[in-house]
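Here come two complexes built around chain A, the first alongside chain B, the second alongside chain C.
And now, the complex of A and B:
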């Protein structure tokens, strides 16, 4: 059962979607009594064999992600090209948010991206529908946390680092990146 | 006969992670990756120890019913590596990435390919399947798009408007194919692995991979079937 859970988690994580405890119970574990034991063992296996860490990012709703626990390596083996480009855009956005004090309004973010010739309305040559990528994909994958700002009309949103970004990227890495760009 | 399995190091883990995200990795790329991982994680590197390196990982993957498997490309005879799920009885590897409709189209395409003479299914034949799908009939245009995705994701490969199974697909699904297409799937007479593309002896019907044919007949003055000794009628690649 541990091996089943490990495979389930690997497959789910391939798409960088957070995994809910209910999904694990429904699809693999089938027993709330055995749950903690199996999850712990699966976590140890993931660490030992794959160098991945199972992290609970929402203790209320019990959702988990897998993060890469290996020391970051330089070089071109990190990920496929399209992923690399998306990650590049993400890193730029995370840096911007960081430099602006960890929280930015959507209007400010899009103004910044416009400077990089990335527009919310237009299809980008590489990223396609950028607005969808940023507000939908990056948010679902928990790289960005997008919350509505109360008492704004029309509703404005604020962008912050999401839990996956917090765990996978260090602010030190971001500073290094920003320094390189300057 | 149990030997204490070598410990996994971060180099092994990194290698495994990259292999998994690549889907399929060609031999020389795997060797470069081996070196990169050992250097990055400061593990002792010996260029001829890739097999041992992989065995170590495999000994840890075994309890999880997974394995790094080596397969030979039917096109150029080069070795490729993929991480395979041994517990799979269906095309479950793909199940999480594609819709029911796409999976049905894939299974039917696989039928066409395996049942074919030469291991290829024409684009026309596949697109004709589009409106025969039980799950939901789709238009030819949609089917064409789905085929494109299968090629991008390396489940199918395309040559001159014809489709065959990608090396990755063959490595990952060899067991599934051999058990589900038992009477139809061919095994190469030389290397005994599944053969999707093959040359077949006109007299006795045995099949061989094209790279295996090339290697085998290189040493022969006259190309003759290894089983029935009749003159080999196909062009030697």
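And now, the complex of A and C:
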């Protein structure tokens, strides 16, 4: 059952959406008693065989993500261009949020992105519907945490680093990026 | 209201509003008014927090516009050419190449510890099984076809034989009766002698069953003789037809026979 769970997690991670405990119980494990043991063993397998870490990002709702535990390899990455470009945009957004004190208003973020020729209302040549990419995909993948600001009308949102961003990168690394670009 | 005005760090509007609220509170004597005052305080503190944030970012050396410019440079913007688009005028001039974000994409993964997307090396399992499956399916279909054909044939045979059996039996009995009568033309046979099988009760019943068919079809007659015992004789072919046309007298004989009697 452990290997079944490992395979389940690997496949589920393809879209980078967090994996819920309920999904694991429903599809693979079928027994709440053995749950933690199986999850622990699966985590060990993932680490030893694939070099991936199974991290619980929400202890209340029990959702998990997979991150890469291996040191970054030098040289060109073989992954697809689309994914890399999205990561480029994400990195830019994360560095902006960080440099602005870890939390920005949506208006400030889009003002900044406009400077980079990225507009929420306009279809982007590379990203398509950028607003959807940022507010929907990045948020659901837990790279960004978007919360409404209370007592605002119309509702404004604030953008912060999401739990996946916290795990997959660090403020130190992002700072290095900012310094590199300058 | 007037949020932007209050947020402006140079203005004291927020302080003024707080002081005014303080004064107003002295005149409060209803709970509802106090609630309004509380609401105002919440909003005021939110604005105060935002102001503090703004203050912080202004004191830091981070200039987002400059950062944006640096990013564009990193992505390979060509500032000598002017891009002809209908963008708004506050966008910095310069031609952003189409692979701008690819350049960014080359740099970005270095900063993320992202698990590589999992893909099956062999693709989804479609390659081999279908071929033998088709062959097996074809064979199975062939077999099934034959089996089915065999089945209806068998069934038909059975049904035929079933019907035939009865008819054959009836015919057989008729022939026996006729043969007897040929040998002895004027003596009808005792019914009981004819049908009873001394060895098997079931067979006796069967014989009676077959004889009843003969009677029904008018191929044999049962009469009562001098001793009130039933006798059976085959009807003559011509006689039969006459009888039919007469819509004739067909008597029914009910015989009950149980095992004891039979014995």
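Here is the rule we use: the second predicted complex is superposed on the first by the 180 of 182 C-alpha atoms of A that agree within 3 Å, B and C clash if a C-alpha of one lies under 4 Å from a C-alpha of the other, contacts with A are read in each partner's own complex, and residues count from 1 in each chain.
Simple rule for what comes next: a residue touches a chain if its C-beta (ideal position, glycine included) is under 8 Å from a C-beta of that chain, and two chains touch if they have at least 3 such contacts.
What you see is a predicted model, and the numbers here were worked out from it, not measured in a lab.
Colleague: With both complexes overlaid on chain A, does A:11 touch chain B (first), chain C (second), both or neither?
Modeller: A:11 sits against chain B and chain C alike.
Colleague: Chain A residues in contact: does chain B have more, or chain C?
Modeller: C
Colleague: A:159 contacts which: chain B (first), chain C (second), both, neither?
Modeller: neither
Colleague: Touching A:45 in the superposition: chain B (first), chain C (second), both, neither?
Modeller: In the superposed model, A:45 contacts chain B only, not chain C.
Colleague: Based on the superposed arrangement, let me know which partner A:64 touches: chain B (first), chain C (second), both, or neither?
Modeller: Neither partner.
Colleague: In the overlaid three-chain picture, which partner chain does A:138 touch, first (chain B) or second (chain C), both, or neither?
Modeller: Touch partners of A:138: none, neither chain B nor chain C.
Colleague: Per the contact definition in the header, classify A:116: touching chain B only (first), chain C only (second), both, or neither.
Modeller: second
Colleague: List the residues of chain A that touch chain B in one complex and chain C in the other.
Modeller: 10-11, 14, 52, 68, 77, 79
Colleague: Within the complex, which stretch of chain A touches chain C?
Modeller: My answer: residues 10-11, 13-14, 16, 52, 66-69, 72, 76-77, 79, 81, 83-92, 95-96, 99-101, 103, 108, 112, 114-117, 125-127, 150-151, 167-169, 173-174, 176-178, 180-182.
Colleague: Which positions of chain B touch chain A when the two form their complex?
Modeller: 8, 10, 13-14, 16-18, 20-22, 33, 36, 40-41, 57, 60-61, 63-66, 85, 87, 96-97
Colleague: Going by the contact rule at the top, pick out the chain A residues touching chain B in the complex.
Modeller: 3, 6-7, 10-12, 14-15, 45, 48-52, 68, 70-71, 73-75, 77, 79-80
Colleague: Using the touch definition from the top, list the residues of chain C that touch chain A in their complex.
Modeller: 42-43, 46, 53, 56-57, 60, 62, 64-65, 67-74, 87, 91-92, 96, 98, 101-119
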